[in-house]
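In the two complexes that follow, chain A is the common piece, with chain B as its partner first and chain C second.
And then the complex of A and B:
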């Protein structure tokens, strides 16, 4: 039984800078919501307000039916894992995890010991359980911090970029441990990160944040496939979506899209009052090398091998540059041209201001 | 005509390279000294080194030498080699032992109370960051520290004064009772110690605030989220991080407190129980002018102070070694 987190017109300003801009939304109970956004978008401030470490300028926070806006962090009864791995000095790892539990009088000594042992087992920490925390590396310390937050079994656990300060090799392991953990426990988890792969693997739902606002929420796949605006398309994906501005041409009495990405004019519907649209397509959806009716000629500028046997290809179509990802290794060398197709079903349209246009 | 003269090549050349005067030659050679990589550090450290040798090393060696002689300035031709007689004499002297134990009590209670009070007040200030007038209160709290001990001693002598002091005015008008502090051998010591505590507690507040500033914010926030008790927060977070700075403060206070002279000298009433070892040393050296004997006492005190310092430094060093090990892993 976990509780949902509800925010009403939550706002936080530091002088002239608005870190969190009137956010009203609910994070559902018993699920993992990732707050994803670039550095400085306000996601950590939002998290700190939920934890009670930062006073909101205005607005309300509710945990379930309970208003917690004016409560101290202690009173809110939550768990939190910080970016900086916190361990309590002068304790063994076991004691460090056990310490917050000792304050809870409703948990017996045996129960306490069992819970700590369980969580250490789950996180694969049993072999270092009785070592001094200060002798442990950052990744293990961070795992200890995770164990500490989970062992108390609060209804809500907040993660503030927990794997940022861990070295690359330990990152994968820690991510896997976290994934296993969030699947087993049924708490409401908010996970702040700027790393999209982290968000994609861990989240039930992603809340994409930019400039103090939540710009889109949804399942990881949905957000990836159907970004609400240019920001979502650009921020998700590696590299992000290609954006090419097109002038709408009037042809046969209807509106059509033409050069540079399309050989034949493509009829458009539901675009009213616009003379320009932005065509967005993800690099991995760009089809290279086959001559299709819609294909245009593009010149290969550069090609490099990326992880997973894929080539990242930079192309020039007319005066427009786009990027494409392909597994084909029979492409001509740089300088030569190749057929480029942008499949219509993978093309997203945006207004010049950056909002998505729904196509029929 | 003059203009043409100025722009002539010969004139220009002369202006660019000035004549080689003896002073100039000397300065150039002198400047060249600084180009030598080995010589430069020596040159830079030399003034301090010379100062240190002239004012510290030589007098100390001189004093060690004197401590083995009978030498009283007031008696002509008193110089005579005594070996370690001065030292054995001091060790047998009851007054010295009393003075020394009094000094230890002075240091123990003085530094102890200053540290405890300083920590408590430092904590309160740390926790009251949004209190209005906090800056002003902090400034006011530090004023005793910037008052010279001589002035503080004189002020408190007036405050404690039995006939017209403000303390007695208070006790007499509210309780009808006269209080003798400096004149009463049983309480004089504590009355003077009170002034020392009044003067130096702010220093420990400052040290406590500095120590608290070295505690990582995230750890305190985590403790708040984890609902740790304040006792646990102090034990597991504040002390482990703040103890280095705190120890340094205690060390400085101990050394300073051990050599207290001015305050006690000004406030002491003859024959009272406030004779710290430094007072006894002053009496034998500058009143009895017994230089040989005083030198021996000074050496003993110096060694005692060094012993103190070494213990602290040993502890601090252990800590920094532990920290270095932590960083390495």
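And then the complex of A and C:
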């Protein structure tokens, strides 16, 4: 039975360093929540507290209605997969997956065998089931670790960057396998990663972490399109959002945005009390080439082909540098000018401190 | 160029063989002696071609105490090292995982016990053993050898346990394993090469130990090294056939151990540090 995870004012400090800072949040049952954030933001510490491997400094953790804050890891009925595959020397892959089940007296020998065989089949591991697990490659070992966590059928499974240490081809394979498992088993899954692509492909919901806090939470596309703050805009996307500081100009009795990104003044609302705002726009939303009434002239500094047939173009508009992504291959060479348009519907405004301003 | 390198390599190998043979010569002499008569052993110039005889071994094993010496050596070395390995493995796990305050200092202290010359320790220990009436008892001998085997074993095994990621412990904790389950079912198999290495190193040390066996031991607990001093002389001279045949028998267990477990000994010499996480 899957269950939701609820945290109340959860905090963990190591001396003066606050790894997790008063998080109150619920991760829904039967869904995949990705804890996404840069290294050192506290996501692994949060995960370890959920697992019972790290004592919180304060706060409470509930699985469903049950308070688990003081429970040992084994009492919490969870599965966990770490960054490095944990397999046991001297066992076959089958035995390595079966081992935790042998300690569960409520599972009969036949049931145990069936569960292990099922999960090995789902992960396409049947052909290596009886091989010494230490002779297998890293990706297969990690699959074995995943199989072991899933075979116990715990209510919650925690993944701590499980595919960081495998090669690119195996990454794709493991990601596909994880997606398949998630669909079939409907457990509550918390998946820690610093890789946004992983989070985007696997998550039902992303919880974006920075400096020990969850700064935004939502569906992957929503978070990508509507970051709550500059951090979200910068961290998601490759490269992240462009941020350009603009001075608010008073024009015709109202507040307006002007240079460097806009040729004509753009009327603004709800920015009272601010003299500056930061304009954010994703590189792929910046249009290049066509002259429009809103377009400004930019000088191409360099252009390079990136994955997916797109060009990543560095531009200078006045003294401002921005990046654009385009599929156009008829752009002028570096040093030449090009028309640059930032469509208003794709522009996000932030306060100088980095908080999002609603443009409506 | 290649030819010069080939010559150099050959010369190097010849040199290695010459050095090895020089070191091996006394061992060869004693082994050959075990198959010679007394006259053959003492012949000048030494005989390299002779008719081998097993009489010395027949005589050796017909002597009243020889089997006891052999049994004592086997019992004391295997029991003391067995105890030492269990204690050392648990200590190594605790030092590695719980990192008690002063771990570095304690580890240094442990190693420094092995640095103390045996003669500096043997007299006070002898007095203590007399007071406790542990002299010439198996218990006393096994304890003293275990005590000497533990520090080095802790050092070897801590390196190995450090090499096993803590994620192993945590995975087992999450899967419902107790601490004993983690130590013996999860970590122990991972550090098995280290256990074998520590066992063999210490076994050889105890097998060869003479001073403590001489001072703390006695009639009941005489080991093979001490038997060389007690049974060396007979009929007013050195009993060369006894010495040669006993030395040959005495060499067999260490040689077999090294032969079968040499890969573990090499791993053990690196204190497990060549193993990365995984």
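Throughout what follows, the second predicted complex is superposed on the first by the 359 of 360 C-alpha atoms of A that agree within 3 Å, B and C clash if a C-alpha of one lies under 4 Å from a C-alpha of the other, contacts with A are read in each partner's own complex, and residues count from 1 in each chain.
Here is the rule we use: contacts are C-beta pairs under 8 Å (C-beta built on N, C-alpha and C of every residue); 3 or more make two chains touch, one makes a residue touch a chain.
The structure presented is a predicted model; accordingly, all values stated were derived computationally and were not measured.
In the model built by aligning both structures on chain A, chain B clashes with chain C. By the document's definition of touching, both partners, chain B and chain C, reach A:53.
After overlaying the two complexes on the shared chain, residue contacts for A:24 are found with neither chain B nor chain C.
Once the two complexes are overlaid on the shared chain, A:137 sits against chain B while remaining clear of chain C.
In the superposition on chain A, A:99 contacts both chain B and chain C. When the two complexes are overlaid on their common chain A, residue A:152 makes contact with chain B and with chain C alike. Counting contacts by the rule stated earlier, residues 51, 53, 72-74, 78-80, 82-84, 86, 88-91, 99-100, 103, 145, 148, 152 of chain A appear in both its interface with chain B and its interface with chain C. Touching chain C in their complex are the following residues of chain A: 51-53, 72-74, 76, 78-80, 82-86, 88-91, 99-100, 103-104, 138, 145, 148, 152.
Interface residues of chain A facing chain B in the complex, by the touch rule stated above, are 51, 53, 72-74, 77-80, 82-84, 86, 88-91, 99-100, 103, 134-137, 145, 148, 152.
Note for the complex: chain B touches chain A at residues 216, 218-219, 221-229, 232, 235-237, 240-241, 322, 325-326, 329. Interface of chain C with chain A (complex): residues 165, 167-168, 170-177, 181, 186, 189-190, 192, 277-278.
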